[in-house]
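Have a look at the structure below, then the notes.
The letters A, B, C and D name the chains in turn, as written, and every chain counts its residues from 1.
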Amino acid sequence: MTVAAARALRDGDVCFVGIGLPSTAANLARRTHAPGLVLVYESGTLGAKPDRLPLSIGDGILADTADAVISVPEVFNYWLQPGRIDIGFLGAAQIDRYANVNTTVIGDDYRRPKVRLPGAGGAPEIAANCREVIVVVRQSTRAFVERVDFVTSVGFGRGKGDRERLGLRGGGPRTVITDLGVLQPDPETCELVVTALHPGVGIDEVRARTGWPVRVAESLRQTDPPTPSELAALRRLRQQTEQQE
Amino acid sequence: MTVAAARALRDGDVCFVGIGLPSTAANLARRTHAPGLVLVYESGTLGAKPDRLPLSIGDGILADTADAVISVPEVFNYWLQPGRIDIGFLGAAQIDRYANVNTTVIGDDYRRPKVRLPGAGGAPEIAANCREVIVVVRQSTRAFVERVDFVTSVGFGRGKGDRERLGLRGGGPRTVITDLGVLQPDPETCELVVTALHPGVGIDEVRARTGWPVRVAESLRQTDPPTPSELAALRRLRQQTEQQE
Amino acid sequence: MARIASLAQAVSEVVHDGDTVAFEGFTHLIPFAAGHEVIRQRRRGLTLVRMTPDLIYDQLIGAGCATRLVFSWGGNPGVGSLHRFRDAVSNDWPVHLELEEHSHAGMANRYVAGASGLPFAVMRGYVGTDLPGQTSNIAPITCPFTGEVLTAVPALKLDAAVIHAQRADRQGNVQLWGITGVQKEAVLCASRSLVTVEEIVDELDPRPGAIVLPTWAVDYVAVAPGGAHPSYAQGYSVRDNDYYRAWDEIGRDREEFNRWLDNHIFNPAPGEVRA
Amino acid sequence: MARIASLAQAVSEVVHDGDTVAFEGFTHLIPFAAGHEVIRQRRRGLTLVRMTPDLIYDQLIGAGCATRLVFSWGGNPGVGSLHRFRDAVSNDWPVHLELEEHSHAGMANRYVAGASGLPFAVMRGYVGTDLPGQTSNIAPITCPFTGEVLTAVPALKLDAAVIHAQRADRQGNVQLWGITGVQKEAVLCASRSLVTVEEIVDELDPRPGAIVLPTWAVDYVAVAPGGAHPSYAQGYSVRDNDYYRAWDEIGRDREEFNRWLDNHIFNPAPGEVRA
């Protein structure tokens, strides 16, 4: 997933990064094919260039290596809100057929949830305002549901045209990267369809781990396996990170 | 006027300062009775401590000696608007019976003015939001008019209660310092009345140089003449300023 | 002018039962020592406000100090969930915790509005999500010039704000640098404020990226070296990652948590200055 | 990524006839050299925007580049009036100048709204003054939570923003320090932007009080040493106060002004890099 996410980033893109897989993927991309990738962490660092993975978005290495450190209100108001960020990453506890994302509660009753999740964070406005969004999530029927229990971040609502009706100016989740492959919205319906499988993964496995009768794109691709240099760069990044701890 | 304005400032006050007489008065106060006076210049310097008079509010000495340099939006939004400033200074091309101030145009026709003045600057919100305002202006029938041609900054509107009706939260112009004396709003009507005369000035002269039949307070004071130490401090301040030019 | 006081005195002056209070810090400079002092002083009925409630809020909630939480993301950053927070929300242990939930952008703008003396802020956000259905503190607003409909959120009004900074001078001017988050806004939103600092110095020499809160905008300064431990205090200490990981175990279990409270907050070992 | 170009090329790419353009600088780092290049390129029909239009705006107005001015304070700071501005307003010389007039707080908020991608900003201001009577760009707005009535102003939308900064690096990242005014907001409000700089350096070492505009938020960078003369460029040069005083005489008289244009803008002496 990390290598696939890294590959989705283009050199020169401005990328809004959270801790965890997105941060790893973005820093891997910077060390492989996208040295000019611009990392914006929501804690207020524009153009951070860490030489290891930060432990949290408050990590001093982000401030030390950034082109500019700004306040949190400025991050959201001057940089995210006007659509200056090309790519946003989201994780998800649940994602549905139209790529709506839930990171708030599992269960029907918001006041008495089955599982209380961390909440929205920056996600609703990342989903609304980035030029496009990449969702990274492990594939399971628990995560891939017909309809999310709670819409924390809007993907495509109930289908095509909903983003426009809601006035959302960013492009929405164009790519959902899982441990099995890649799903993307059908251009006609905005429903997520399987567009690529990772090496060694069969489409039946994807179907079995998706909570709705998922469609498969006609031009189903297979993702290239991680190259030795990608794996080496990833290993080096993790080593440098562990040395710091 | 400068000494009288300096005396109106209390040690520890936070004072919003413009260039010209207010800056001279505030810096004189810092060097005499109010060493703890906090000077805020609208260009974004909190707690500037210049050792000479700045040539403009962009003077580097303000940034170099300030406790903090902030953006212009922050000056107005975080510091002036919420009422964190104790004292604001205003100049005036015209001031009227209820201490409304005009710095925009002289003449009846805004589009074809007799005299085009610099405009509002920070004045409307200084007048609205400072705990209190000091107006400094030379006394003449041209400047002291029954009704200003244009209300750039609200004093007391048309009289008592108007500030409250308009929702203005600051106290308004409590003191108008002129070359002849001091005018202050009558507590009952908010009309400006003469409360003090400078040494050697007679009340008839004030009347002759005021464009409405100005009232005189029962307890008319005479201001103390500038002390030798005030005059020396003012002279030193001006010398240090000239040496820099 | 800020008063310089001991941590215990400053906390007792600034944070009272029933207050709405923010201990801010966007994963950097988190005021742990002040939070622990609040637990020690057994404050009750607090409405806690913060963008990123993490361990110190888990501790305050588990200790029964809070009955309400206004927030946008609650977790153990880089580790996982907050178990005391979950237990309070799901099982009312030790007391019921009411939630008011926003996005980061929404909370940031609520702080900005509060700092600006405005009753509300305007933003692009929340539209199409289920968040507005759970609170009346998100409302549509129409632009008077274009007719476009945007989102309004009310200003945060805090009784108290508590932050940690690197340094103050003897006059009480406060300097912080690195990631400064919404700390300035939090202090400017609050009726009373307390800044704990790593040290007090004679002069705050200017530093790149530093912001200064002037002494006349702060109520109390208290020296608390290591007061952000286990979080970062840039230039002084880095994150104690083991503490964050260990908290997952401690916080998971009520007994374990109560033991931690007894041993580290109420009866700390002699010389245990932090945590 | 910002392109690094000559001043003449950058100005011709960024400022076009009929544009709404701000040359910002709150009495510090005023982009005089870029303004003079605009006069030299004989731009027409500009709407000029600025909080504090001063000498460079007097010069642009007198040269006939502008037909509209959106501003909050127009004067020769510390000296007196702007005579070309007055002549245009009162006598339509050389062309009619339409005014839209605000307060500083209003203009600052209009920049903030533009930089934030919002159509308007909310503030406490203008109430009771005669300013709202002269423009439709000031309107009441009601808080949806408290019912309080405040003031709304529309976002500034600029075709172009031009500022002067101390330094850029070879990638086009821009650094400025000292009084930074609303320059960041102006650049973020604009479709196209140009930053003139004192110098280009290999690396922007961090400096106290400095702000950085990343290269991907800027369109053009042009080297213009002394490009803020006669205003300040902190760390490089101080205000040329004699110039400000002398301008009062030059600007007062149309003939004198035209002579100045000929001698200093259109046919500058060899080696005359500024003014």
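What we mean here is this: a contact is a pair of C-beta atoms (placed from the backbone, for glycine too) under 8 Å apart; a residue touches a chain by one contact, two chains touch by 3 or more.
No experiment lies behind these values; they were computed from the predicted model shown.
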Length of the shortest touching-chain route, chain C through to chain D: 1
Between chain B and chain D, centroid-to-centroid distance (C-alpha), Å: 27
Whole-Å gap between the CA centroids of chain A and chain B: 55
Chain A and chain D: spacing of chain centres that average the CA atoms, whole Å: 40
Of all residues in chain C, the ones touching two or more other chains: 112, 117-118, 123-124, 148, 184-185, 209
For chain B, residues contacting two or more additional chains: 77, 81, 129
Pairs of chains found to touch, sorted by chain label: A-C, A-D, B-C, B-D, C-D
Chain C - residues contacting chain B, complex: 1, 112, 115-118, 173, 184-185, 188, 204, 211-214, 216-217
Residue ranges of chain B touching chain C (in the complex, touch as defined): 12, 14, 38, 46-47, 67-68, 77-78, 81-84, 129
Partner chain A, residues of chain C touching it in the complex: 25-29, 51-52, 71-75, 77-78, 81-82, 85-86, 89-90, 101-105, 108-109, 111-112, 123-131, 134, 148-149, 177-182, 184-185, 209, 231-232, 234, 238-239, 241
Chain D-facing residues of chain B, complex: 19-20, 42-45, 55-60, 62-63, 69, 71-73, 75-77, 80-81, 104, 110, 112-113, 115-125, 128-129, 150-154, 157, 162, 166-169, 245
Chain D contact footprint on chain C (complex, rising order): 117-124, 137, 139-141, 143-146, 148, 150, 152, 154, 206-210
